[in-house]
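Both of the next two complexes hold chain A, though its partner changes from chain B to chain C.
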Partner chain A sequence: MTPPRPGDTPRIDEADARPLLVDDTSRDASPLLRLLLGLLAGATAVGIGLVGVVGGDRPALLPLLVADHLEESGVSNPVTAVLLNFRGYDTLLEIAVLLAAMAAVWSLDRGSRQFGRPSGEPEAQPVLEALIRVAVPVALVTSVYLTWVGSTEPGGAFQAGALLAGGGVLLTVSGLVRPPTAASATVRAFVAGGVAGFVLAGLVLLPITGAFLAYPEGWAYPMIVAIEVLLTLSIAVVLVELFVDVPAVPDPDPSLDALDSSGDPLGRALAAAEREDRP
Partner chain B sequence: MTLPPDFAGGWMVSLLDLAVAVLLVALAARLLHTRNLFEAIVLFIAYGLTLSLAWVQVGAPNIALAEAALGAGVTGALFLNTFQRLAERSREGSGMVDPEHGDRGPEAGP
Partner chain C sequence: MTSLDLYTVAGALIFALGLHAVLVRGHLFWKVLAINVMGTGIFLVLLAAPARSTPGVADPVPQAMVLTGIVVAVAATALALGVALRVTARTGAPFLPDPDDDREGGG
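Take a look at the complex of A and B:
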């Protein structure tokens, strides 16, 4: 996408003049229904709070179970032990969801994608570039640290991947680096690499230990670190691609502009469909 | 009442917890109520960061890191990105078309 030009962001008072940028409340439910739903939600929240306050002290079972088996898991952080060892399959499915989301976004209207360098000289953005000089190296080092330290302290692949993605988004959205797109095989390799590596590890372990993704004795720690590195890279690339390589907001049919200029393409399509249905 | 195992205690911490809880509800109410989408996006980012504080206070630092990075950072930035595109489209739709590029947008070239 083009880096934002100084006059681009609409001022707050101009927002009402542009229908797409204002929340359309004309189709809200009746006030009575909204009040009832609000009361129900509030009662639920108060109820949950009361259970916490008045419910009494009962020993939590799961932390005890995890603490019992923590030495076998290969890491000393209980969260990482659960995520990458005891329930590693769930993490595999989470990464598969990311891959599916990426595939869904990439399968949308390819013709309307707006990516690549904008034509002409990009305007100098000294404040943004100064921020990038400071923020991107810090993000890089911190994300490496977070991936590594996830085995003993709070951290892990998702947090590190998101931080790395933040640095990547700063670089590409500012126009300093050509945005990577789905056309690049490297990008696609990284996007698929998380799931592929994880599944491959599980399949390789199947004949060795007899179960999918069951780490052998003493191999848990190096395998967890290796999988976390793969996940971090994969998550970072997927998140940057979600910023960069997405289709423009497509219009179902430009000729519908003549029927309804409210700035709501879905509404226009529905209105046109209704008009066709009526004899 | 059960407290997280590393609760440091003290009335100042309880005051902070109360402030975070009130701030969460107030931010959520305001952001759901406002009609200005840009304001809603900014409040959403603030909500994510406040929620990250709440996660720390209940003793879940992993979730706090993830909430700050993903909930406030990535999702907030994605919303701003979408808002930018909507702003460009609504500028095109309102008739302010770039005379050099026609209505294909500034990236299309002459």
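Take a look at the complex of A and C:
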């Protein structure tokens, strides 16, 4: 592994990260510390268990409140009503957290990876491909059903998006579909579409009902379904992209390293622009 | 002891197991895994504990919180694994850098 120079952020080589997959107990806590931490963990378990089991039997107000206002929410599943109507703002922020995680992962620049069959390998992956043949269509149909049925039965955007992402990860990791990349505008549109659509809906409603994300009379159900569809697609793309993305920019050209010490394309472009500006 | 109490105790135990592992193990991958286990324990407690105070009526608010919490935990795990990958590739070892080690050049 080449030692890093000050100021450069080299693209990591997948082989360098191999130690992460090999168990190594050399840095674990000593037996004494282990015992103390075991006692601490045991005390935590006892504490949480006691509070949960014996803790105050105050009557909870929220379930009754939700049940009282369920008809106004536009859906008959109380969880979906809470997620997309009563606590819609929380859901918006959760989707924004997904977007933030995506931005952080994209900035990590984990390096190029090969998925699926390495070129030149004659044998296929029969078990994986048979699993994909069965699992991916089922995942696709079930996720569409889950998005739709979330208004009456347990279901909704998050479950459907996660299921769709599972199918997507199967497809990309096996090499049958090219993995998504941040360079693709479609991928970026889907990743940002969840937050953007949700915020746009709220802003559009602001002059109509006077409050951000307050659904007008009778419009709650169609708006919830529309937002759920948008969220399902966005969550699915974000989850797949979080785990199987490939870098957006090609590896930096090593011949240019002689001119400047920055290893990333943006740094090179900035250095080149600076050189042009200098008289 | 009802079955709900059993779920609460199980959730507390799972959380404690994850807490112990994240503190004891030095290997980054196991730390990420242990935090995931802690999250699972918390979700179990969040679902079971409120249910006993309103028998017969399912409390939808913690259920909604856990639903979104699961997906956010998945995203956070992806980020943690990405950071662990990068730390391993740069330092050559799957551990957090020891502050007593000599400092190398560069980030």
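Definition applied: the second predicted complex is superposed on the first by the 171 of 279 C-alpha atoms of A that agree within 3 Å, B and C clash if a C-alpha of one lies under 4 Å from a C-alpha of the other, contacts with A are read in each partner's own complex, and residues count from 1 in each chain.
Please note the rule applied: contacts are C-beta pairs under 8 Å (C-beta built on N, C-alpha and C of every residue); 3 or more make two chains touch, one makes a residue touch a chain.
In this text, all values refer to a predicted model and were calculated from it rather than measured experimentally.
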First, second, both or neither for A:67, with chain B first and chain C second: second
First, second, both or neither for A:137, with chain B first and chain C second: neither
Of chain B and chain C, the chain that contacts the larger number of chain A residues: C
First (chain B), second (chain C), both or neither touched by A:155: first
Chain B versus chain C as contact partner of A:222, first or second or both or neither: neither
Contacts of A:81 with chain B and chain C, given as first, second, both or neither: second
First (chain B), second (chain C), both or neither touched by A:48: second
First, second, both or neither for A:169, with chain B first and chain C second: first
Which of chain B and chain C A:239 touches, first, second, both or neither: both
Which superposed partner A:98 touches (first chain B, second chain C, both, neither): second
On chain A, positions contacted by chain B and by chain C: 1, 4, 8-9, 12, 16-17, 19-23, 25, 52-53, 55, 57-58, 60, 79, 156, 158-159, 162, 239, 242-243
For the chain A and chain B complex, residues of the former touching the latter: 1-2, 4, 8-10, 12, 15-23, 25, 52-53, 55, 57-58, 60, 79, 114, 116, 118-119, 146, 154-156, 158-159, 162-163, 165-166, 169, 173, 239, 242-243, 248-249, 257, 261, 263
Partner chain A, residues of chain C touching it in the complex: 1, 5, 8-9, 11-13, 15-17, 19-20, 23-30, 45, 48-50, 53-54, 57-61, 63-65, 67-68, 70-72, 74-76, 78-79, 82-86, 88-90, 92-95, 104-107
Residue numbers on chain A that touch chain C, as the complex places them: 1, 3-9, 12-14, 16-17, 19-29, 33-34, 37-38, 40-42, 44-49, 51-53, 55, 57-60, 62-64, 66-67, 78-79, 81-83, 87, 90-91, 94, 97-98, 101-102, 104-105, 108, 110-111, 156, 158-159, 161-162, 235, 238-239, 242-243
Chain B - residues contacting chain A, complex: 1-2, 34-40, 61-62, 64-66, 69-70, 73-74, 77-78, 81, 83-91, 93-94, 105-107, 109
